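These notes open a run of structures that come right after.
Common to both upcoming complexes is chain A, partnered first by chain B, then by chain C.
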Partner chain A sequence: MSKVQAPDKKDAPKVEKIRYDKNGKRVRSLAVPRSLLWPALVAAIVLTQIPFLATVYFSTQRWNLLRPDDRGFAGFDNYAKVFSGSELYSSLEATFVITGTSVLLSLVFGLGLALLLNRTFFGRGVARTLLITPFLVMPAAASLAWKWNLMDANFGLFRWVMNSLGFDAIQWNTDVPIISVILVLVWQFMPFMMLILLAGLQSQDSDILEAAALDGAGKIKIFFLMTIPHLRQYIEIGVLLGTILLLATFDPIFILTGGSGGTKTLPVLLYEKAFIALEVGQAAAYGVITVILTIIFATLLLRTVFRIFSQQGVR
Partner chain B sequence: MNQAFKKRGLAGVGVLAVSALVLSGCATAADDSSDGESSTDADSGDSSSSEVVELNLATVNNPQMVDMESLKGEFEAEYPNIKVNFIVMEEGDLRDSVTRDIATSGGQYDIMTIGAYEVPIWGNNGWLADLTDLAGNDAEYDVDDVLEPVRAGLSANDRLYAVPFYGESSFTMYNKEIFEEAGLTMPDRPTWDEVADLAKQIVEGGYADAGICLRGKPGWGDGVAAMHTVAQTFGGAIYDMDWNPTINSPEFVEAIDFYTSLARDYGQDDPVGSSFPECLNNVKNGSSAMWYDATSAAGSLEAADSPVAGKMGYAYAPVKETDQSGWLWSWNLAIPETTEKLDEAWTFLRWATSKEYLELVGNEIGWANVPPGSRASIYENPEYQEAASAFADITVEIMNDVNPSQPGLNPQPWTGIQFVSIPEFQDVGNRLGQDLAPVFAGTATAQEVLDEAAATYVKDAGDAQK
Partner chain C sequence: MNNLKASFKSWRRSVTLGGSLLTILTWVIVVIVVFPILFMVLTAFKTETDAAAFPPKIFAPVTFENFESVFDRGFAPFLINSIIASVGSTILVMALAIPAAYALTIRPILRWRDALFFLISTRFMPFAAVVIPLYLLLSTLDILDNVGVLMILYIGMNLPIAVWMMRSFLEEVPVEILEAARLDGANVRKEIIRVVMPIVAPGTAAAALIVFIFAWNEYFLAFNLTANTARTLPPFLGGFVDARGQFLATLSAAATLSITPVVIAGWLAQKRLVRGLSMGALK
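Showing the complex of A and B:
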């Protein structure tokens, strides 16, 4: 492909040129297929890049919706405010803690459930459907159900259970806001991890496991030395997709804690800047910084973390 | 606002219910409503499309506005050349939608429902039609009948920019049965120290789970509204006359320490999770003996289906250094400056906030459903007095008593009680609520949170006013 030359009009203007690459294979002109891609490419650019450029433009503006007279070019003031304030850093910490913990815990519990479902028993289909349900419930509805039915300080099921056992009820929002958010997120994303890992488990060849058992490997050894390495790429994809989905989490935090107690993640912070503070310029600056940070983080995750995984897998 | 918090909670339940409906294939409800819309559109088009003026009204989904929508037929019968389209939204969506519309001169709405916080700011921005003369020159409308503090809150530079259809203050509610059992009495005008002592005796005597229910939920209109009034009666203020932050003054810190420890020691469980709907539940089921919240709560407590109806007593908002406390909030109708239908829009506003409208609600829907806290005359109506006997008198007394120009000990550079009428306050109030949440848990102290606030975002917002 790299050897394809641009059509040269002087040499043979009207004859369709047949060219060959260095291996003697015929190379067809790519002009038509490429031109067919243009509409889709233009649509993609319009839909993704123009909003982003608009955001970049807004981020250089001094614009509070409620102060129409005080609007103008602000240069990098908005960015300076973002970096000199404490909100970005505490929000990054909250995002890291909540996303990281939720991904890890849902991975561990998802693996447990996947192992349980990876054996034949009566009613397995029903059990699988029931276990997947939390992932299918709308996040807002799930959060409200947790808030009102389970965690409510008056009528919540948790309160009733704790009181029945003779303990004081847990004060979810007051004492453990982060845990209450993580709990809901893990509950929601456990089935997602379970599905991915279950697919991995079911693709494992049972003959190999049988052979290992015959060779005298115990169940624990088989699990750690054979099943986990086999699951490596499934774990990778689970962690990657789970992280992407959880990074954008908004509903449970907004509904359960309203961003208090170290739960103000980047999406919540962005929402507050844009729709509560009505600071268009600052919100745009936060948005641009979030995009950049996400790209850096995703690149690191893909390159570094997974290289470690692969090297371990080779062993 | 407070009414709306209840809505927010109910809206939560509503979302569940709606999702359930959607899941169970309840497409009929949606069909019905859209059919209704289109048929009325068709009707108006048939009759005489050139003469009929359509008004778009953006409004909040609280009971008073839902009642108004159901009564709009009366208006349209009286004024056949005007048709009003209600666009009903949840409070957060409404605020978002109308703010963007008016800030960008969108012109989508001819009438907007806005809170007491927005009116002076928007009025100053020149976004709202000046209603001073329209209302003032109309003897029959009798604008002086609108409660004076509410009217003051809807003015900027002595011009009136909105008219209220609902207003509220805050006061102390208590369960008379629990008080009787404990042998306690509530003073008519309690102090915070007395209230704290009563809460202590109730909890220590085991008469109720919680002595008092106090809002702690983060949000400028949730916990911060209540805490702000307490700070003001303790002698604190967020800003001094020159917009310098005084939020970490000893008085303010003492007030927050007092409030959070009262909530922790003798309050309901999970204060940070509690706002209007949670406390309403708490008081209704008798697990809280007292409640400091909106005067509009009384309507729900005395409703026919309430287990504590007839058992509640009502007293003034607790005080410390000031003579009176209590917040002031109203939901109002205003006309954007961009509308081309000012006369028709005012005709509707005039009807919807008139004395006659309140009587219409009483006669058609029920006297307990009359929007409270907007006009003095309704409190002299014998039928309303009978329906709201437990709380009508004290509500109007408190609402006339509060002073939005100077609610605290010292003068303040803005009008308003539980909020600061500056564009930055929504953000400041919200962050304050979030930062104060750990104080309820005891993992941070009021002093350190308020010191940090005074040095950063409260200061920045103050500097923007200079």
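Showing the complex of A and C:
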């Protein structure tokens, strides 16, 4: 734990009873750190694991809040219903299309922004500050601003732009719901990718880049052969974290489209099953499926993060 | 001032045609990216008629009446709920996270890695997956629509991020300083409060700000587990959805008021934002 040489026994203060292991290293009791950790662990377990176990239990129950008397053990009936119906598959498709496209586009635009910000220019700090704003703005507020101020077919700014360009106006969030949702999500997550990739660009050793330039490597060659490989782990973290956050996205979709027109992602479907249809059992089954999907991405993410930690070295 | 001059000079030296074009491009993109928010803030200061006018008026005579009508529509209680839920949960999260991070870094327990990964794995579960049992439990206990409950639930949401962030800051505390404090006979309490905390104060502030931002913006739980008395700002704003544009200026004013504290907090924390977003994996 420490590289500082352990003091001789006789020099040690006599405040607490101090023991040393056979290498002369001080042995400190683990009781204290344990007592510091357990409140956090208990809070995490009570607030997240127990509700999830309850979800698993409810997913085996035949239980609709509209028919409270008809309740009982249903085994895997809820899952059978979920898998034999079509809602799960259309929802998986919506989730896949919206999450996948949003992650990919925000990564590409985020990389572009990070490259633009990785230069020295006047007002760079201000530009960076302004560019992260979409990620800080309350998603509910931002979605409403997009929906009414920009996308509305009667007085929105997009109507004016399209009319000026000679096109007919459309009601964005109902005529092209998937595009509208992706547009807002990309706008919101682009700064997130930008920040992560900018951290990657700035961690690149400028001496090596200069040496490569002196050796006659062109800018494009340096970018593809050196910068992109260096950015790989940053891209991985960005993609995995972005995927996990976007998989759980609810408010922008709910506010923009209410889940209509191919935008009913798993969280929106789950919300409808639970709070509109009051199907506790089925909603819980969807919940379990959503968690399993997320765990797949989370496991990949943890491996990546762990690799970065082992490279940095841990005390 | 001298600094500004120096940076201006170095900027002048670096000016080339291609560079200038890239700088102009960058600023054009900045304006486009910020525009949806800027337009919303501008709309907040227009009359309702100007806000719903076509073609849209980007600039219109300034009025403050929307902010008055926001408060007439009962904005204050929702604002207070948001403050209680996010400030309260931030304080509690930090109170749990700092000792936990200490036990995972400076005096690591055995299997600290497992504890760390268990904590973060709890953050990956979408809240949609657990909202049903939460709802049923709260309704059985008759504590739906309770801002204290919301505050507690936000602890579960933010604790892992806070622990991971604090851990990455505590790792940078020099071992020598800790050894010196221990030789002086400092116990754990003193060591944390007198030695560790002053060193990681900026990081702690950043972690708290990020936790605060996530709690402030949270929609799903607030929307499903509160009705009227405990409702926070995000679902309150969502309630404007049916406005059909009639209250666009008022909505923009309410949204502007709702985003301001967090946007400023985020700007202040931006240098450490990336560490928080990557859970401490990236510096």
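We adopt the following convention: the second predicted complex is superposed on the first by the 245 of 315 C-alpha atoms of A that agree within 3 Å, B and C clash if a C-alpha of one lies under 4 Å from a C-alpha of the other, contacts with A are read in each partner's own complex, and residues count from 1 in each chain.
Here, contacts are C-beta pairs under 8 Å (C-beta built on N, C-alpha and C of every residue); 3 or more make two chains touch, one makes a residue touch a chain.
Predicted model only: the values in this text are computed from it and were never measured.
In the superposed pair of complexes, A:F155 makes contact with chain B and with chain C alike.
Once the two complexes are laid over each other on the shared chain, residue contacts for A:N173 go to chain B alone; chain C is not touched.
By the touch criterion defined above, A:R67 lies against chain B but remains apart from chain C after alignment on the C-alpha atoms of chain A. In the superposed model, A:I255 makes contact with both chain B and chain C.
In the superposed pair of complexes, A:L278 makes contact with chain B only, with no contact to chain C. In the superposed model, A:A44 lies in contact with chain C only, and not with chain B.
Touch criterion met: A:A145 reaches chain B and chain C at once.
In the superposition on chain A, A:L302 makes contact with chain C only, while chain B stays out of contact range. In the superposed three-chain model, the partner touching more residues of chain A is C, compared with the other of chain B and chain C. 138, 140-141, 144-145, 147-148, 152, 154-155, 159, 255, 275 are the residues of chain A that lie in the contact sets of both chain B and chain C, per the superposition on chain A.
Per the touch definition, chain B reaches chain A in the complex via residues 12-13, 15-16, 19, 92, 96, 99-100, 103, 121-122, 125, 127, 216-219, 268-274, 278, 281-282, 285, 287, 423-424, 426-427, 430, 433-435, 437-438, 440-441, 456-457. Of all the residues in chain A, the ones that touch chain B in their complex are 64-69, 85-86, 138, 140-141, 144-145, 147-148, 151-155, 159, 169, 171-175, 177, 255, 257-261, 264, 272-273, 275-279. The touching residues of chain C, counted against chain A in their complex, run 7-8, 10-11, 14, 19, 22-23, 25-27, 29-30, 33-34, 36-37, 39-40, 43, 52-56, 96-97, 99-100, 102-105, 107-110, 115, 117-122, 124-137, 152-153, 155-156, 159-160, 163, 171, 175-176, 178-179, 183-185, 188, 213, 216-217, 219-220, 223-224, 233-235, 237-238, 240-241, 243, 245, 248, 251-252, 255, 258-259, 262-263, 265-267, 270, 273-274, 277-279, 281-283.
Every residue of chain A that touches chain C in the complex is listed here, in rising order: 1-4, 7, 13, 15, 28, 30, 32-34, 36-37, 39-41, 43-49, 51-52, 54-55, 58, 113, 116-117, 119-123, 127-142, 144-150, 152, 154-157, 159-160, 187, 190-192, 195-196, 198-200, 203, 234, 237, 241, 244, 247-248, 250-251, 254-255, 266-267, 270-271, 274-275, 280, 283-284, 287-288, 290-291, 294-295, 297-298, 301-302, 305-306, 308-309, 314-315.
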